[in-house]
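Two complexes follow with subunit A in common, the first pairing it with subunit B and the second with subunit C.
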Partner chain A sequence: MMKNYIKIAFKVMLRKKYYTALSLIGISFTIMMVTVFASFIDSVIGANATEVNRNRTLIFDKVSMYKAGKETASAPSYPFIEKYVAGLESTEYVSAFTDISYVSDVNGRLQGHHLKLTDENFWKIMTFDFLEGKPFHQTEVKTGARVAVITEKAKEYFFNDQQAVGKSIAVYGNSYKVIGVVEPAVGYSKAYADIYLPLTTDTSVYSKPNEISGSYCAMLLAKTSDLKKVRTELRGRMRKIRNHVSGVDSVKAYAFTALEQFSKSSSFRDDEPEYGKTAIALIVVLILFMLIPAISLINLNLSRIGERAEEIGIRKSFGATSRAVINQLVIENIIITLVGGLVGLGLAIYASQLLVVVINSFDPLFKIPEGSLILSWRVFASSLFSCLLFGLLSGVYPAWKISRLNVIKALRGGNNL
Partner chain B sequence: MISHLFKMIWKRKGKNSFLLLQLFVSFLALFLFIGLNLKKFSNYFKPLGYVYENAWVLEMEFPNATEAQKAELIDAVKQKLTSVKEIETVSVAQAIPFYRWGKEEDVKYKNQVSKAMSFEVDDNYQKALDIKLLEGRWFSSKDNGAAKLPVVITKDLAEREFGSSSPLGQTFSFGETQAVIIGVSKSFKENTSADVQPGFFKRLADDKTVSRFVLKTRDNTDFLSLDAKIRKELNFPVEFKISRNQPLIWLKKYAHKLDYIQLSVALIVFAFLVLNVFLGVSGVFTYNLSKRKAEVGLRVAMGASSSAILKQFLGETMVLTTLGIVPGVLIATQLLIMQYFGSYMEGYYGPLSLILSALFLYLLMLSCALYPSLKAAKVQPATALHED
Partner chain C sequence: MIQLSNIEKVYRTKTIETIALNKVNLGINKGEFVAIMGPSGCGKSTLLNIMGLLDSPTAGTISLDGQAVTSFGDKKLANFRNKKLGFIFQSYHLINDLSVLDNVELPLLYRDGVSGSERRKRAMEALEKVGLSARMKHYPNQLSGGQRQRVAIARAIIGDPEIILADEPTGNLDSVMGEEVINILLNLNKTDGTTIVMVTHDEHMANKTQRIIRFFDGQQVN
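Right after this comes the complex of A and B.
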C-alpha cells in the first residue's frame, strides 16, 4: 500500500510541474531557514567536538554585590575566582578565562585576533585536537611564562605552512613562544579564540587582590550531572564570605550552563532561568516561520482538490473509507515535504556559509571561522521533525476536506466544492 | 461596483477562508517586523552631532597610584600627548560615543523632574569631537571656581524643557548639584542606530581623576604607527597599563556589528516570508482564475472590454485583501493603544508601521494577482465558452 502511495505521490508531483515547483520552493526555503536557525542555537548551547561536557559545564560570569540594600553586578575578578570558587568539592575542574582582542600586522596584512587568557584547567575541560605541540601546564601558568597556543588559522597567518612550535609571536609588544597548535573551536562558544595565553602573563591580574569585580569568567566542570550540588556548594561559599570582604555586605554568585544562559537571555532576573518564556519566544518564532508557508501550502492544496476529485470518487465508490483517503493524501503531502526538506537541508549548508560570510563582511578584521555553523545530527533531527510537522500541518485539512467529497458529484467530474 | 465585488467574494467565502487567514497572519507578521525595526532604521538617517572619523580613544590604568598621584600622572599624559605632532587636541571624558555613554540623571527644573543623560567631559571635548554649538559657548577655564556648575545642553533637552525660549542663563538641578546653562549643542547620540536622547554636558570636576582620553588626530589612517608612537611616548616610572588605544572608527565597528547582524537577519527572514506569501497566493490566484474561464468568456461575449475584466479581478483582490487585514488592523491598533511595544512604536512610529504594512500587503497582493488577471483578460470568448 505504502509503495503505491509513494508512486502516486511522485506521479502527481510530475503532472502539474508549475504548482509542484511553487510548493517545493516554499517548503525547501522554510526548512532551510529552520535548519540555519537550529544550527545557530545548537552552536550556542549544544555540545560539540571541543566542548564535549557542555551539559555539565557551568559558566560563572556574574557576581552581585549588596551594600546597604543596593545591588551592583559585574564580572568577577581572577583573585576572587581563585580564592572562593576554585576547588569546589563537587567540581572536577574550575578554569578562569577572559577574552580580549588584539590587532596585528604581519607583512602588511592586518588581522584581528581573539585572545583568551586562561589557566591550565581550560585544556582539561575542553577537548582540543592538537596538531602540534601541547597545552600549557600548571608550572607555566604559575610562573607567568610567555607561551602561547594558537589555532591553525592563526598559524597560517603568522607562519604560513611552516611548523609553528618553537617560534615566537608578538602580542602587544611582548614575544610569546608558541608551544601548541590546535584545531579551531566553534565560533560563538566559550572555547573559541585565536590565541590562548596563560592568564598570569597579564601582570596586573593580582594588582587588586581583594577586589571582587573584574573582567574574568569561570568555567566549572561538575563531577556528576547533578548541577544543583555545585550551585548549593557555591551558594554556601558565598554565604561564608558575607561581611568578610571589605566594602560589601553580601555577595551572590550565579553559575549556569550554556542552555540555561540562553534561556535566561529573555528575562532580566538572574536567579532562575525561565525556560517557559524562552520556549514561548522560540515557539512564536517557529510558528511565524512555519505557519505562513504552511498556510500557503494548504491554500495550494485546497485549490487543487478538484484535480483529484475523480480519482478519490472512484476509490470511495469501491469502498475506501474516509480515513484511508485522508491517510493517502497526508502521506502524499509528507512525501512532498520530505523531498522539499532534503532540498532545504542541502540549501542550508550553503546558506549557513553565506550567513557567516555576511557576518564577517561587517567586521573584516575579526572574522569568525567558516565552519562555525555546522549541521550536527541534532540539527538534522530537528529539521526532519519540522519537515514532518510541516507536512502534517499543511496536509490534514485539505485531506479531510477531500475525503468528504460527494461520490456521485465527484464521479460526474468538474469542480464542485 | 464594490458592493458587487463583496457579494462575489462572500459567495466564495468557504474557498477564500484560508486565503483570508493567510492575509491575517501575514499582516501581523509584517506589522511586527516593520514596527520593531522602523524606529531603528529611521535612526540611521539622523545626524550623530559629532565627527568621529579623526578621533582616537586612549584608556589607561594606574593600579597602584593614589588619587593625588593619579591626577599628576594624568596631567603628564596630557602633556606628553600634546607633544605628538599627529595629535591636535587632547580631551579627558567619561562619555565616549560608540563605547561608553553618559549616566541617566533626574533633572529638576521648576519643580518638574524628568530624565536626561549627563556627559561628564572637559573643556577640550567640543574641539576633539567637533560638536556644533547652536547658542552660547562651551565651558572653559573662565568657569573655574564658578558657583554653579556650567553645563551645555543638547537641542533636544532645550526643546523639551524650554520650548522656544532661550535656555541660556537658566538654572536647573540634578542630585545635589545646581547647574547653569551656558550653551546649547546639536543633538548628541550614542551611535548610528541609537535613539536621540535629551542630555547635557557637565564640566569634569578638577579633583576627579579620569584616565580616559579622546584625542583628535590630524590623520589616523596609519593607525599602527600612531598606536606605536603613543605607546612609546607614554612612559612612566610607576606601574601603568594602556587598556585601549584605538581609533574611534574601530569602536564604531564593534558597536555596530551586532546591529547590522540583527538587521540583516531580520531582512532575510522578511524576504523569506514575503517570498512564501507570494508563491502561495500567486499559485492560488492562477489556479482560481483558470477555473473561472467560463465566467470571463461570458462577460467578454456580452461586450466587456479586457480592461473591465482586469479591473474586476484586481478590484476583487483589493476587497479580499481588505477583508483579510481588517482583523489584523484591529488587533494591531489595540496593541498600539495598550502601548504593548513600548519605545519601539512610540509616537507616530506605531501608526506609520501599521499603514506601511497594510500598504505593502496591498502591493504584494496586487503583484500576485496581476499576471493571472492579465492572462484572464486576454481570454478569447470562443475558446473559453467552448470548455465544458
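Right after this comes the complex of A and C.
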C-alpha cells in the first residue's frame, strides 16, 4: 500500500511539474525562513553545545535599589555578587562575568576581540571543548594571574595556527600567558567571547567594595530544576542587605533563564517570570509565518487534488474507502512537503551562513564566528516536525473534500473542487 | 443475485428535473449474462451505476446477493464494490500514472491480507486471461483502445467478483476488437459462472447474451 502511494506520489509530482515546482518553492522557502529563525532563537535560548545546563542556569544581570520610594536599576557589581549571591544553598555554582571589547593591532592588522572577564566557576557551568591546555582555576582568579583562554579563531589571528599554550598575547598593554584554547561558543550566547581572562586582572574590580551597582552579570547554576527555590533564596538574601548597605531601603535582584528572559515581556519587575507579550507576539508571528503559506498550499492542493477526480473515482469504484483516499492523498502531500522541507533545510544552511556574512559586514572588526547560526539537531528536528505538520494540515482538507465526492461525478473527471 | 425494486432516479438542476429512472423493478439471476439495450439517454448507465453501488437511487431499494445494500455506509459499500463487483467502463477509466500491472492490481490493494507478491501473481494471471501478459510493463497511453479495454477487464476480474457490470464495453472499439472483448466476457460467464450485466447498443453483441432487457425513457419495455 505505502509503496504504491509513494510510487504514485512521485509520478504525479513529475507529471504536474508546474504545481510541483510551485509547491516545492513555497514549502522550501517557508521551511528555510522558519529554520533560520528557529536557529537564531536556538542560539539565544537553546541548551547548545557550550551551554548544556542552560535550562537550570539563571542569569542575574539586574538589581533594583529603592530609596525613599525611588527606584534605580543597574547591573550588579562584582563585590556585590561575591558577597550576596555567591554560595547560595540551592546553587551548584555561581559565576560572575563581564564583557568588554578590545581592538588589537598586530603588525598593522586591526582586529576586534570580545573579552570576557570571569572566574573559575564559569568553566564549570559551561562545557567548553579544550583544543589545548586548560581553563583557569581558583588560585589564578584569587591572585589575579595574567593568564588567558582563547578561542581557535583568536589563536589563528595571534599565532597563525601554531601552538598557542605557553605563548603570550597583549591585551590593553598587559601581557597574558595563554593557558588554554577552546572551540568557539555559539554567537549570541552568554558563553561567547574570543578571549577569556580572570576577572581579577581588572584591578579596578574591588575599587568600590560597597557599591551595589556595577557592570557585572552572574550565572547561577541551580542544583535542581526547581528554579523558584533559587529565586526565593536570592530574595531572602536581598532582604538582609537593607541593614548592611547604607543609603538604600531595599534591594531587588532579578534572575531568569535565557528562555525566560527571551519570552518575558520587557518589564523585569516580577519576582517570578511571566510569559508575557513577547511570547505571544512570537507565537503569532510564527503562526502567521506558517499560516499564510499553509493557506496558499491548501489552495494549490485543492486544484492539484481536484484534477485527480477521475483517479479518485476509479479507486472508489474498485473498493477504496473515503478513508483510504484521504490517507493516500495526505501521505502524498506529506511526501511532497518533506521533499520541499529537505530542500528548505538545505537552503537554510546557506541562508544562515549568508546571514552571518551580512551581520559581519555591519561590524567588520567584531565578527561573530561563521558557525554562529549552525543548525542544531533540535532545530533540524523541529523544522522537520513543522514540515510534517505543514504537510498534514495543508493536505487534510482538500483530501477530505475530494473523498466525499460522488463516485460518478468523480469519474467524469474535470476539476470538481 | 440483483434485485431492484421501485428504483427511481431524478436529476435535479436549477432549471430542469430529469427523471432518469422511473419505478424500475428488475431481477437478475445468479450466473446470468444479461444485455441492457435502449436509445441514448434512456437511463442505462444510470441503472448500471446504481446496481454497481456507484450512485444512489432517489427512491427504491436494491438488494445484492441477498443483502439490502441501500442503507450501507461508506465502508460497507467500499467493501462490497471491492469483493462482489467488477466494473468495466466505456471509456476504460485506467489510471494513466500507473503501469498496466499496477492498474490491474488496484482492487486487491484495497483488500486486507493480500501480499504484494500475491497481488502481482494474480494480476499476471488476469492479464494472461485477457491475452495481455506481454504488455504488463506498459502504460495505458501506450496501448490501443482494445488493449486498454482488456486491461480494464483484467482489473474487473482480478478480485473474482460475482457480478461484472459493463457499460458499453465495446462502444469505443472497432468490430474485431469488440468481438475479442465480448468473447472474453462470454468465456468468463461460462467457465466461472460470473453474473454479467452489459449495456450495449449493438444488437449483434446483445444476441450473444442470454437475455435482453430493453429500456425506453427510464422504464423497462418488453
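Points to keep in mind about this one:
Here is the rule we use: the second predicted complex is superposed on the first by the 396 of 417 C-alpha atoms of A that agree within 3 Å, B and C clash if a C-alpha of one lies under 4 Å from a C-alpha of the other, contacts with A are read in each partner's own complex, and residues count from 1 in each chain.
One rule holds in what follows: a contact is a pair of C-beta atoms (placed from the backbone, for glycine too) under 8 Å apart; a residue touches a chain by one contact, two chains touch by 3 or more.
On a predicted model such as this, the values are computed, not experimentally measured, just so you know.
In the superposed pair of complexes, A:P135 makes contact with neither subunit B nor subunit C. In the superposition on chain A, contact is made by A:T30 with subunit B only, not with subunit C. In the superposition on chain A, contact of A:M1 is made with subunit C only, not with subunit B. Looking at the shared chain after the overlay, A:P76 reaches neither subunit B nor subunit C.
Look at A:V12: by the touch rule set out above, it reaches subunit C but stays clear of subunit B.
Applying the stated contact rule after C-alpha superposition, one finds that A:S317 touches subunit C and leaves subunit B untouched.
In the overlay built on the shared chain, the residue A:L411 is in contact with subunit C alone; subunit B does not reach it. Subunit A residues in contact with subunit B (one complex) as well as with subunit C (other complex) do not exist.
On subunit B, the positions that touch subunit A within their shared complex are 14-15, 18-19, 21-22, 25-26, 29, 61, 63-64, 224, 231, 239, 241, 253-254, 256-257, 260-261, 264, 269, 272-273, 275-277, 279-284, 286-288, 291, 388. Against subunit C, in their complex, subunit A makes its touches with residues 1, 3-4, 7-8, 11-12, 15, 310-311, 313-324, 406-408, 411. Those residues of subunit A that touch subunit B in the shared complex are 18-19, 22-23, 25-26, 29-30, 33, 103, 105, 110, 173, 203-204, 207-208, 288-289, 291-293, 295-300, 302-304, 306, 358-359, 362-363, 365, 397, 414-415, 417. Every residue of subunit C that touches subunit A in the complex is listed here, in rising order: 49, 52, 54-55, 74-75, 78-79, 81-83, 87, 89, 93-95, 97-98, 102, 106-107, 109-111, 116, 155, 159.
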